[in-house]
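Next come two complexes built around subunit A: one with subunit B, the other with subunit C.
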Partner chain A sequence: MAGIGFELRKLLRRDTFSGLMMAYAYAGVISSGPWVLSIVAVLIIGIFSVPVVIPPDLVRQFQTILTTIIAASLILSGLVQLSFTRYCADRIFKKEHGLLLPNLNGLLLLVTVVAAALAIPLVIVVFPGSSLILRLLIVACFVTVCNVWIGTILLSGLKAYKAILVNFLLGYGIALVLAWGLRHWDLEGLLLAFLVGQFVLFKGMLYVVFKGYPSRHFIQFDFLRAGRMYLSLVFTGFFYNIGIWIDKIVFWYHPWTSEPVIGLLRGSPIYDLPVFIAYLAIIPGMAVFLMRIETDFVEYYDRFYDAVREGGSLGYIHEMKDEMVRITREGIYDIMKIQGVVILLVVVAGGTLLQWAGISRIHLPLLQIQVVATGFQVVFLGLLNVFFYLDRRNRVLLLTGLFMTLNGLLSWLSIQLGPFFYGYGFAVSLVIAVSVGMVLLDRDLDRLEYETFMLQ
Partner chain B sequence: MSWGLLLVFALLSQTAAVWALFSPYPQAMQLGLFVVAHLVASLLLSALLLMVMPHRFARRRTWVLLLFVSVAFFIPVLGGLGLIVDMVYFRMTRKAIKRPEFHSLKIPPFLEEGSHIAQGMGEGGAWSRLRTVDLPRPQRLKALLAVSTTGGRKVNRLLRLATGDTDDEIRLLAFNLFDRQEKVVTQAISQNLGELKKVRGSAQRAELCRSLALSYWEMVYNDLAQAELQNFFVEQSLNYASQACELGGDDPAMALLIGRIHLLRGQTDQAEAMILKAQSLGALPARVLPYLAEIAYTRRDFKALTDYLQQETSLKHKPGIGPVAQFWGVASWQK
Partner chain C sequence: MAKVKFPKASQVDIMLLLEGTFPYVSGGVSSWVNQIVRGFPQWRFGAVFLGSQREDYEEFKYDLPDNLVHLEEHYLHGGQPKPVVTPCQGNPEGFDAIRRLHEWFLNHQQGILPEEMKSLAFYRDSPHGVDFIQFLHGERSWDFIAEKYRSRCTDPSFVDYFWTVRNMHTPVWQLAEIAANLIPARLYHTVSTGYAGFLGALLHHATGRTLLLSEHGIYTKERRIDILHNEWILDRRNPLQKDLTEVSYYRELWIRFFETLGRFCYDAAGTTISLFEGARQREIADGAPPERTRVIPNGIDLSRFSPLRRQRPAVPPPIIALLGRVVPIKDVKTFIRSLRILSSHIPDVQGWIVGPTDEAPHYAEECRRLAESLAVADRIFFKGFMDPRELFPQIGLLALTSISEGLPLVALEGYAAGIPLVATDVGSCRQLVEGVGEEDEALGHAGAVVPINNPQAVAEACLTLLSDQDVWQKAQAAAVARVERFYTQKRMFAEYRQLYEEGLAPWQA
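Up next is the complex of A and B:
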């Protein structure tokens, strides 16, 4: 499976302005495609269901259930996301490709059973009085979405971004078409459409792995052996996903900022919509992030470690390290610059944008601070990625733990301080986490040769 | 019961499960009926898929079955449909992938008797395995270990190649093996040097010098030293071989060694004189003729080369020199 960096370099090799634009557009689509598709699909399903599904509250219930399923599944699968990605990367490095498919199946069995075991009692408690079909659909959606994340992390680990994008396009396309046909069957119809789309997406990703990485075994649990999955990565994945969602959860369940939607599930009409839109504003930053990391950074990273492994001269090792540091700095600055432009655009034209979308201007201050926060989230992602490349797992654990704690505490504090401070909890926690990350990265890059040679 | 009939039962059970959800019964009864019918359908479909899967997936059948059942059960209807799609996929592609694996083939009867002979790995196999960086590490390590037990010039070249490998484990193992070989010879040298200081009798001194000359030469010949160090060892070997000749009289092996050292340095006249001396002292023709032929070759005296190689017919059957002797020895190339 060709790496994404290879395709991006091919586009860049043309050395023309159009080639550069194409490369950035491609990186943008590849890096942001799956979740942009998810957001757009959920929005479109909502838009075309409103006139048909009576009362319109049902659409809000559908969106709340879906958001909760996505958040819960990301947090649950977060336990294995990074550790399994590392396991796969290690297997690929050791040329043990035959272990990928059977261990994916082993993990799928584990995740399916655990997800179902958690979801079944929860739907009984959370949705009292709901129909049996609705509860079954929620359990099935939760199990399927958890499995989709597992498939996605494996394909991301294999750098098969194109396959991920195609499958997401297919899955959400099917969900949209079916939702159009099933929207008369209320909440159950919309959930069924989503479930079918997710299931097609899941099977499609499995097919890609099955065709691309054949094996003699169908199921194995090699990833559970001692030393195969790093415990620090288990916690990192868990902390990161809780960190991303904790401010939303605080706003959903704080009595001042939320309202009941369905069963025990609540939503925050003030907070949810701006966050939803703000996430669309990080596409340019994600494109720059992917371009920089997968082309320039990886190139010098490979050269540096190849020189170390194969006994290159000290001068050459120094040179490659300097280039790596330069590219890292430039990459982070580039993300900041592009996100800065996006923030300015939203600050200037945010009101008009909200007016066009038919959303009240009351959301504008929150939208502006959320765009700043999501911009910092891209920088944070970039930093974490560089730490992952340098195998500084403890650093990432510290940063994600810090982000999770601060985001939870500061979001709660922002609610206490009043509506003008909403969104600042998320933004300030990211600013602090990014600043700490920068200081640590600076220190690590200074000591890179020493640590590479002496502490291995 | 046939495969088709089981599939019909599975589909009927699944339909019954869906019907139970829409039935007018109380919710608890709906749930009970659904769970029973859906479980039966999930089990049947999973078992059917297991039957049509390629034989290579035969291991851990219980776990595979558990995976299918859990997906089919916890993702109602769609999970089952997915299993049916997988069945169609496997049935359609099974012909293409139904290929007996090597390990599953039975040994032909006439080979069974010899099956107790351990499988070895020659130098060629080891070279090809070590040079293929895509091979899994265990195989490459095995190749290195297998070849290291034999020793010799070619093996040391192989070890030297492996010391530059990208894989840390292989590189370290190669260094270790190399170091071990070097240590054996170095120990012999230091032991002989120690004894040489103590010994007074010329016969014993000659014997020790002979050993030292051969040990230093072994370091060079077996490729255990390179560059400056190699020059030093050659010098030492020549020095001790000369001393051995002076102290212990004429020794054909030492004369031949001195000849070979001159040949290595490109001093063909001196080399020829020493090798001819070794021959006159009684060295076996099969030992000296290849070097004389080599000298003739460097002088472009192909007739002399043919003459040398024709003198000893056994050369044609010796490994290494054999093909050379066969080619140059027949003289047909001159016509």
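Up next is the complex of A and C:
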């Protein structure tokens, strides 16, 4: 499977405007694919059901359950997302492809057991009034979604972005169709539709791995052996996913901003909708970022390390480093530019857009700040990615830890300060994290040659 | 030889610093060390053996003398544990001193060796020095390396330059550590410059005790040959960049490094002893202060060899022996080629190659094949190790085709046993054959001197000596007279006793 950079460069080589547009569209869909598809699908399933599922409370319950499942599963699987990706990358680097499949199976078993062990007691406590079938469906959905994330990260590690996208489209497509068919069964029907969709999606991804990386062993736990996974990456993945959700969780469970939805689950009618819409607005930024990193940056990154290893002159090594710096700078500028346009659009036309979607204009100020925040989140992701390329794991750990802490604290503080400040917790924590990240990246890039040579 | 335990003592009189010789390697220098230690039973000796990697050496080639009461070994290129990677800045004063050292070396006479670099603390824990961590991981170290690469390196590959510099200098800090932990001694005696000489210099500066330097070959010159032959030194110039007449920058770098170590040692040595005048001149050119140099030729124990003369057949047998390790520096191939020429003049001529073939097995194999391809395999004999006293009565001539020699002991032993010598014009060979000074020259030629890498000249010289009884007899007479007058062990011991006593004296009170 060719890397994404290769595909993109192929499109760019046509050197036409349509080729460029295709490349950006492709990059946009791929980079934000699973994430955006999930949000869109959740929204659509909800909208679909509105005329049928009465009262609308049920839709809200469904969306809340699903959002909670997605958040909880991302946080739980976050523990192994980065660490297992790195584990796979190391195996591929050492040409131990035979270890990929059995260890994926090992990890899936582990995740399934842990997820079920956590979810079963929780559904008993959290959904006191609900039917047994609903509770079982929730457990099944949670476990399956956890597994889907594992499959997704493995396939992104293998750079099989296309396969991810196809499977997500297929899975969510099935979920949508089934949701329409099962909509009379209330919550249970919608969840079943979602579950079947996720299951197909999961199996589809497994099929790709089984076919592409056959192995004589079915299941192994090599990744659990000491020294095979980086502990710092376990924490990084955990911090990052908590960091992304902590502001939402704060708003869901702070008494001033939330209301009960189903069982003990709560939602924040004021906060949730703008946030999810804002996430849709990051697609252009993500596309630009992916293009920059996977084509230009990687090119100079490879040349830099080739020059280091294969005996380039120091002048050439410096030059390639400078190019890396330039591309990183331009990439960040480009993200800022394109997100700036998006922000402007939202500021100018946001009200109208909300009206079209039938959403109250009361959400507008929050939407505006959230679009700014998610824009910074793209920059933040970009920085983390550069740090990962430079193998500065401690930097990423520090930044994600900082972001998580700030986002939790500042979001809580924003609620104390009043509605006018809602969303600023998320935005300010990202601005701080991005600033710190830039200072650190500046220092690291400045010392890159020194650290590459002297710290070994 | 049985596995010998390393003797340990808490202090010694004389500490020998030995790089790649006694007791692991046999050969001229090692035998000489053995001879010296046994020659002075009144003093307690210690020895520090420095090697590259443990696996390069097998077992002891010598029984340790009883008065060698302390022996330790250190390997400079074996994977020693490195300090934990610690990013740091580095002391500006320390790197300034290193910069001055480089300038001192590059501009030869100008400037002086930076004082602070003489102290052990500079390498270990000085607040103004450069310790191992600073060298390995310091930012100033990086700046310095990058600066030197930019201003001096002619090879494009930076990574090669970096690792060459790092591998080359790492032993410096290891040696400082060795010096700091070494048991006390009243006198230090190094048998080469190089790493051992540097260690000696550090010890001298740290303790104030006298350092003697005895150079048999010229270390830097031998290193140069070694480096020019070595494949492990990288040369990444592509064919267009490569000028075959130009030595790769890394080879040059290594040579300069050893020359710097040499200067460091010459600067510290109380007396620099060479085996012959040519070597002394070379040392002076390399930076040894002339007033502190001195020539003490090797001497042998005549009583072990002179009786052999009576065992010799009346007519010298047409057997020519090359006594030495089968290594490129001995240029055994020229010897084999000369045998090819000789065989058409003396039908029953034989060439014996007496010495270990395991040091450079590739080269030994090439020599064997050469003998086969020249169709002289039936008259070239690889004898391996032989007791010279068993060998000498059976041969007619000794040949040395080396491209580098100091003062070869085998030549002296051969003389004592009454065997003339055909030798290349390297080291002291001309002096050994033709004599130096009026009194010596009057004794006549004890054989012949030939140019290096010239099989024809070797063959002609051997032919003259072997085919004319009269010439041979005269050469034998000159050989015996010369060794008995100038190259006795007694004479050598007397001179070293004086040096040792002087060196030990201030501390005996």
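Definition applied: the second predicted complex is superposed on the first by the 456 of 456 C-alpha atoms of A that agree within 3 Å, B and C clash if a C-alpha of one lies under 4 Å from a C-alpha of the other, contacts with A are read in each partner's own complex, and residues count from 1 in each chain.
One rule holds in what follows: a residue touches a chain if its C-beta (ideal position, glycine included) is under 8 Å from a C-beta of that chain, and two chains touch if they have at least 3 such contacts.
Everything numeric in this text was worked out from a predicted model, so none of it was measured.
S.K.: With the two structures overlaid on subunit A, would subunit B and subunit C clash, or do they fit side by side?
M.R.: Clash - subunit B and subunit C, as placed by superposing on subunit A, overlap.
S.K.: Is A:226 contacted by the first partner subunit B, the second partner subunit C, both or neither?
M.R.: neither
S.K.: With both complexes overlaid on chain A, does A:453 touch subunit B (first), subunit C (second), both or neither?
M.R.: Only subunit C; A:453 stays clear of subunit B.
S.K.: Considering only touches as defined above, state whether A:199 meets subunit B (first), subunit C (second), both or neither.
M.R.: After superposing on A, A:199 lies in contact with subunit B but is clear of subunit C.
S.K.: On subunit A, which partner touches more residues: subunit B or subunit C?
M.R.: B
S.K.: Could you say whether A:125 touches subunit B, subunit C, both of them, or neither, answering first, second, both or neither?
M.R.: Neither partner.
S.K.: For A:95, is the partner it touches subunit B (first), subunit C (second), both, or none of the two (neither)?
M.R.: A:95 contacts subunit B only, not subunit C.
S.K.: Per the contact definition in the header, classify A:144: touching subunit B only (first), subunit C only (second), both, or neither.
M.R.: first
S.K.: Is A:308 contacted by the first partner subunit B, the second partner subunit C, both or neither?
M.R.: second
S.K.: Which listed stretch of subunit B (167-175, 275-283, 293-301 or 311-319) steric-clashes with subunit C in the superposition?
M.R.: In the superposition, subunit C collides with subunit B along 275-283.
S.K.: Which subunit A residues come up in both lists, the one for subunit B and the one for subunit C?
M.R.: The answer is residues 309-311 of subunit A.
S.K.: Show me the residue ranges of subunit C that touch subunit A in the complex, using the header's touch definition.
M.R.: Those in contact with subunit A are residues 85, 87, 136-139, 141-142, 146, 149-150, 156-160, 162, 236.
S.K.: Okay, in this complex, where on subunit B does subunit A touch?
M.R.: Contacts found on subunit B: 21, 27, 30-31, 34, 53, 56-57, 59-60, 63-64, 66-67, 70-71, 74-76, 78-79, 82, 85, 101, 134-137, 164, 166, 168.
S.K.: Please output the residues of subunit A touching subunit C within their complex, sorted ascending.
M.R.: 307-315, 317, 447, 449-451, 453-456
S.K.: Help me check something: in the complex, which residues belonging to subunit A touch subunit B?
M.R.: Subunit A residues touching subunit B: 94-96, 105-106, 108-109, 112-113, 115-116, 132-133, 136, 139-140, 143-144, 147, 195-196, 199, 203, 216-221, 306, 309-311.
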